[in-house]
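After this come two complexes, each holding chain A, first together with chain B and then together with chain C.
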Partner chain A sequence: MTTVRPGEAPPAGRGDSERPVRPNRLAAWRRSDRISVFGPPVALVLLIVGFSILNPQFRTMGNFRSILDTAAVLAVVAVGLTFVLMLGAIDLSVEGIMAASALSFALLIANNRNEIDLGFFAVVLAVGIGAVFGGANGFLSTRLRIPSFMTTLGVSAIGIGVATVLFGGVQPTIRSAGVTAWATGDIVGLTPLTFVALGVILLGVGLERYTRFGRYARVVGGAEDLALLSGIPVRRYKTLVFAFAGAIYGLAGVMVTIKLGSGIVAVGSGLNFAAITAAVIGGTLLSGGRGGVLHSIVGVLIVSVLANGLVLIGVDSNFQTAVQGFVVVAAVAITNWPLRRRLRVVK
Partner chain B sequence: MTVQEMIAEPPMLEIVDLRKRYSETVALDGISFEVRRHEVVGLIGENGAGKSTLLKSLIGLVQPDSGEIRLHGSKVKLRSISQAGAAGIGMVFQEQSLIPNITVAENILLGSEGSGVRGGFYRWKELARRAQVQLDKIGCDIDPRAITETLSFADRQLVEIAKVLAIEERSNGEPVVLLDEPTSVLDADEIELLFAQIERLRKHASVVFVSHRLDEVLRISDRVYVLRNGQTVGEYDPATTDATELHRMMIGRDAQGSHYHEDRQLPVAEAPVRLRVTGATLKGVCQAVSFEVRKGEVLGLAGVQGSGREELCRALFGAMALTSGEIAVDDKVVNFSSPRPAIREGFGFVPAERRTEGMVATMSVAENITLPHIASVSRGPFLDRRAEATVVKHWVEALRVKTPTTSAPLASLSGGNQQKAVLARWMVSGDLRVLILDHPTRGLDVGAKSEVYRLIRDLSDQGIATVLMADSLEETIAMSHRIIVMKDGEVAAEMACDPGAKPSPVDVLEAMI
Partner chain C sequence: MTKLNGESTVNTMTRSHRALALATAAAALIALAGCSADGGGGGGGDAACAPEDITFVGQVRNETNPYEKSWLDGGQEFATSVELEQKRLTYDGESPKQLEQIRQELSTGNPECMVLNVLTNTDADTTPVVKAAQDAGAYVVTQWNKPADLHPWDGYDKWIAHITYDGKDSGYQIAVALFESMGGKGGVIALQGQAANVTAENRFAGLEQALSEYPDIELLDQQAADWDRTKAFDTTGTLLTKHGDAIGGVWAANDDMALGAYKALEAASRTDVGVVGIDAVPEAVQAIADGTMVATVSSDGPWQGGIGLAMGYCALTGELDVADLPNENREFFAEQVLITTENSADYLTPKANLADFECGKLFDRVAGPLE
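Showing the complex of A and B:
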């Protein structure tokens, strides 16, 4: 590689060979950055190798495809969430936004409850509803100066409430084979939804690296006060980030609804914390400004491989949650080990 | 410059009778001064003299109540940093203003990327090119694509300067660059590099240099203004004045010589040894360091960054573990594994980072003082508020800590008074034997420094052994009985510092590098 990618630590060796080595403080920073960049992918590879040795069934092509198909929704959620975490904010509205979007989608596409069938436009509207909820997160956080922890929790409850009303006691079921085929179809062994997730990941990476939107999210997470001093409209970009994340959760809600074939309120159950966990494992820190979409995706793969592998090596299902939790804590401890000096004064 | 020339060319920047009052305090009480083209103007004053309010009003962060700011002879109103930039004034902030986790190029152009961003999309090559133009102005070889936090402090400061120079293209003509305490985070070598940059800067900018350090101001400035109580009280030519005179003007009274209370330096040659360090080794940091500190003695530890002195002091206090070696207090061997036993043995430590390591800013003065000795003001598990109040009152008075009440948050006090409260903390036990001071006067103004020096002398009188890492060589030499110079983790020299026969800073510096 000849150029340094923005947002990543410069590759070791390049800067070092072109100019005299600067004081050891720099060397220390570089070293710790390198571990936080390469640590999670190495952990992922070790997990894959470990499970492959323990159970030959794990290393079949079919199983890898199954892991990817399962990881698709979590990956999409993680992309949206990563931008919020980048700000140094948190988003606990994933489940509420997914529920509102899922029910809206199920009622706007060909279904058993009404005669509406907007086709692709239903997806657009569902995503738009997600964006509105996300925008509300951003508006409340920036204008009323309420911490995102509280606003997103509140907005999530509103989303669940809206979804419950839309649900109305009769579960809307999708009546279109063309739509459900997105979850069952087969393109080189993967479902079309997995490719949708891939598209979202690429979109996320592009936004993060090559747009003002993405770069300013990083700037705000790095030092919000300094960004304000530099005349950057911080509130506007924060609101935009929340709205973007909301739209992405809306899409995730649509994806799960297509998978299930019907719209339910609990569509995003468990995904919010799974996505936060995946992001942090991958190196997108809650303190903001660090990591990125690809980091989070590696985290998603770690979480997914772990869940799949534990089943295959025969860990008692009663123990699985505990074992997963243990591995997650261990992974965070290891990947953050070089950062502990930097985190020293963080409470 | 002759009178004719001055008439022909209006000054770059002219401040006329600037006033600003905050409800009860008057921050600026009619400040006037001017900066001519390609000139470096030094601006000095104690904390509270109005320096920061003045600088803030020059970059649009503070709106003065009355008075004028004139650029190139015409009056300007500045309402934001970007407006000040467009007018041609930029500032290098004391606490650095770079975003750590983005590239150097982004930082230099932040908020005014111009052709580096088109339709919301970054054009990295163009961004790097535009940043390179600014970096070239100061002739430094920093890679615009590097992530800012991977740079050293000195390099980051160069980036700050490059960032400020970017206003040149946005304004018409040469910029005025304000440097606010630029040397406070730099070591001796880095300061030299900065000064070389200021000399370079002078060719296409005018510079206002604000510093606590009078020797630096005298060295770099063409003219020096002294601020006191929000007013300009004097204008000096560095060629015909000296630090003593400036110092006197700054504090408004004669403090010469008595500043460091050198007359109070206790004779300690006969005193018993209090702290004995033998063969102290920290792997990769220092090797076989040995020294003694007598009762009442102040030992100065000199050395550049990386000499190992900071780490050694942390190890003395138990905050780092010695690889090998022995520490003895009053002939009793104590090798601490953590600060807790060290405190029990009468050790006190005043860290350099007062705000983050030295104090719990949101807690009260009283709580901060009794922090390590909470047991002595407790009855069983309960805090004895009355006992605490008595103890705290005693020390607040003894150390002359200026605070409205002892329950005021420590953060609300001035820097000097905060530091006194931090020192009081170690005196509460009544059994303080060894005090380790890591830059105890950092960031304090001259008056507050003098108070801290007085306290150090007081402690010395009480037989406390002090290990001092000071802010400047001048301070080290004036305050210490002896100086140990550390270099690459070893003791490079030891010098006696008897009153009246103190070594010169140059002697110490030579041993350091």
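Showing the complex of A and C:
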């Protein structure tokens, strides 16, 4: 930033003024970045401290474990969704993809409906089904040029439809002790599913930081035209991102199915908007190009801590939704305040 | 093509657009027989339709819900018993779609010989549904939802009955079963349905009534888990942290939440805690049979699916005179069954009891007038 590019020699007389102006703007950038980067974690810490003061039960190890176990599924969904949001697209297919994967998984593992028991391969297939649905999202958005919120909504309906057919009136109940252990087992106080979520988060961070896939996702979201002009195969990477997200939702569907012990169509109910909310609170912008997996995870923790804390401090359940909404709006307003000029998206 | 005697055959002829000559002959016969050609009302003993011309329509929100599927299955069981088919309609919980489907059925079929058995989406949807059926001349039975000031006896001779269940009674019955299983003392938590939902409020009122009768039972906490299994799982986990060993029982306003709560208890190794729910979904009945849940209440989906069609069938075949029905048979709370370990085996596979659908037994399950 400090070097003057060749062919852009400063006009005479302005050479001196260049330096004081640039650093100021740079400082302004940094200040706004500081708030968007550090704002959410600070909010999370404040919430934890606040709830800890209000209710001693909140600050027990048992409760922190409970929060992490609860947050696991939302965290996984948020990882997938974050990549789509970084593109500047939206994904409303979480509930449908989770439903299709959940029912497929429940019917492919030892269950009360059929004799099939594919073991771990059932997980692979369910994730694969998620990837296919996600790929359809991407293909329809990029090749047919339909806005992603339309395609993903449609694909979600297809997923729910597939799940309904698979459900066929009798809830498939899992009869595999090995699978149930994933939800009830105990590794340093946390269920194995929580470690699966941790693995997905690490995978997400790795992809985002160290692969072309992750970097291009951000580039496309930041400036799609420039990405196209510089020869990035934008459509291919977009499709890949949607497919990756679909696979992740598929995994989330499997996780909930293991947790609940049966395949239900409403497996993802409410998770789509919870994940979008978490991502936005964490500083992943709906306009794309900014934020990231870790940002979204902080958002997930804020949402989970809030839900847990409000119950523990005894807020009337009729008020909880309103209080959660208020905190969310406040958090987003504070986090995005310095960015409001640059966002330019008030839709 | 035997003899043209009686209204029913005449209706068949005209509807199937047979030869004009036959229709004319039929009209002459009507005049000769002195029958009224309005085809409705069903004066006692007069068949309005030939049994084989009757069409059945069962309409629920969706078939992803085991209860609503068992409703339509029960309707089909009855239809099969009279050698007919039931058309299965689902409207995905969307009110406009519900009405549109009904209008379409009425306009494309033969409404004079049609019976609609409808789970109305909300209170407000009942009015247009029964008006559409009344105007078209089709018999209709509605269930669950109805505005309090709308009654079948207020000028509706085609709206046979409205059937619903006393949520307060269901909430009360499972609460008592839970408290008894706890030996009449200890702490319970309650998982409610959606806030500001009438059914949720009624069921909770039943719990409160039971609490007032069991002074040694304490309601430790109550949270809205929105009828949702996952949310119930998470909420139960949090409440376990909050109240720990004080929790001796979980009262859930439906089985989905009860099953979610049970999984959370299992994950926390607290399977000593009793769980009750409402709706009698197959999984919950299985859980009761296995001893992992204490009780649930059944409105008997297959019975609901069959009874509405049976009422219309009896009216159309002349065995039931709607105009003569007393008001207490035209809108009522139906009896519900408490399912515990003792009787769970009978409900493992939801199945209609065809004897319940005989024209003489249609109103055997009337439990009382709506409040």
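Note that in this section the second predicted complex is superposed on the first by the 320 of 347 C-alpha atoms of A that agree within 3 Å, B and C clash if a C-alpha of one lies under 4 Å from a C-alpha of the other, contacts with A are read in each partner's own complex, and residues count from 1 in each chain.
Simple rule for what comes next: contacts are C-beta pairs under 8 Å (C-beta built on N, C-alpha and C of every residue); 3 or more make two chains touch, one makes a residue touch a chain.
The structure presented is a predicted model; accordingly, all values stated were derived computationally and were not measured.
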*Regarding the shared-chain residue A:T211, is it in contact with chain B (first), chain C (second), both, or neither?*
first
*Where does A:G222 make contact in the superposed view: on chain B (first), on chain C (second), on both, or on neither?*
first
*asked:* Quick check for you: in the superposed arrangement, does A:S230 touch first (chain B), second (chain C), both or neither?
replied: first
_If we overlay the two complexes on their shared chain A, which of chain B and chain C does A:L198 touch? Say first, second, both or neither._
neither
*Scan A:L312 for contacts with chain B and chain C and give back first, second, both or neither.*
second
*asked:* Just to be sure I read the superposition right, which of the two partners does A:I158 touch: chain B = first, chain C = second, or both, or neither?
replied: neither
*Check the residue A:G289 against both partner chains and state whether it touches chain B (first), chain C (second), both, or neither.*
first
*State the interface residues of chain B toward chain A in the complex, per the touch definition above.*
80-82, 97-103, 106, 110-113, 117, 120-122, 124, 141, 143, 145-147, 149-152, 155, 305-306, 356
*Contact residues on chain A for chain C in the complex?*
57, 60, 62-63, 66, 69-70, 73, 163-164, 167, 169-171, 173, 183-184, 191, 256, 259-262, 264-267, 269-270, 307-308, 311-312, 314, 317-318, 320-321
*Report the residues of chain A in contact with chain B in the complex, numbered from low to high.*
3-4, 6-7, 9-10, 15, 18-19, 22-26, 29-30, 33, 209-213, 215, 218-219, 221-223, 226-227, 229-232, 289-290, 345
_Could you list, by residue number, the parts of chain C that touch chain A in their complex?_
62-64, 66, 69-70, 73, 192, 195, 221-224, 226, 228-231, 233-235, 237-242, 256, 259-260, 263, 266-267, 269, 281-283, 286
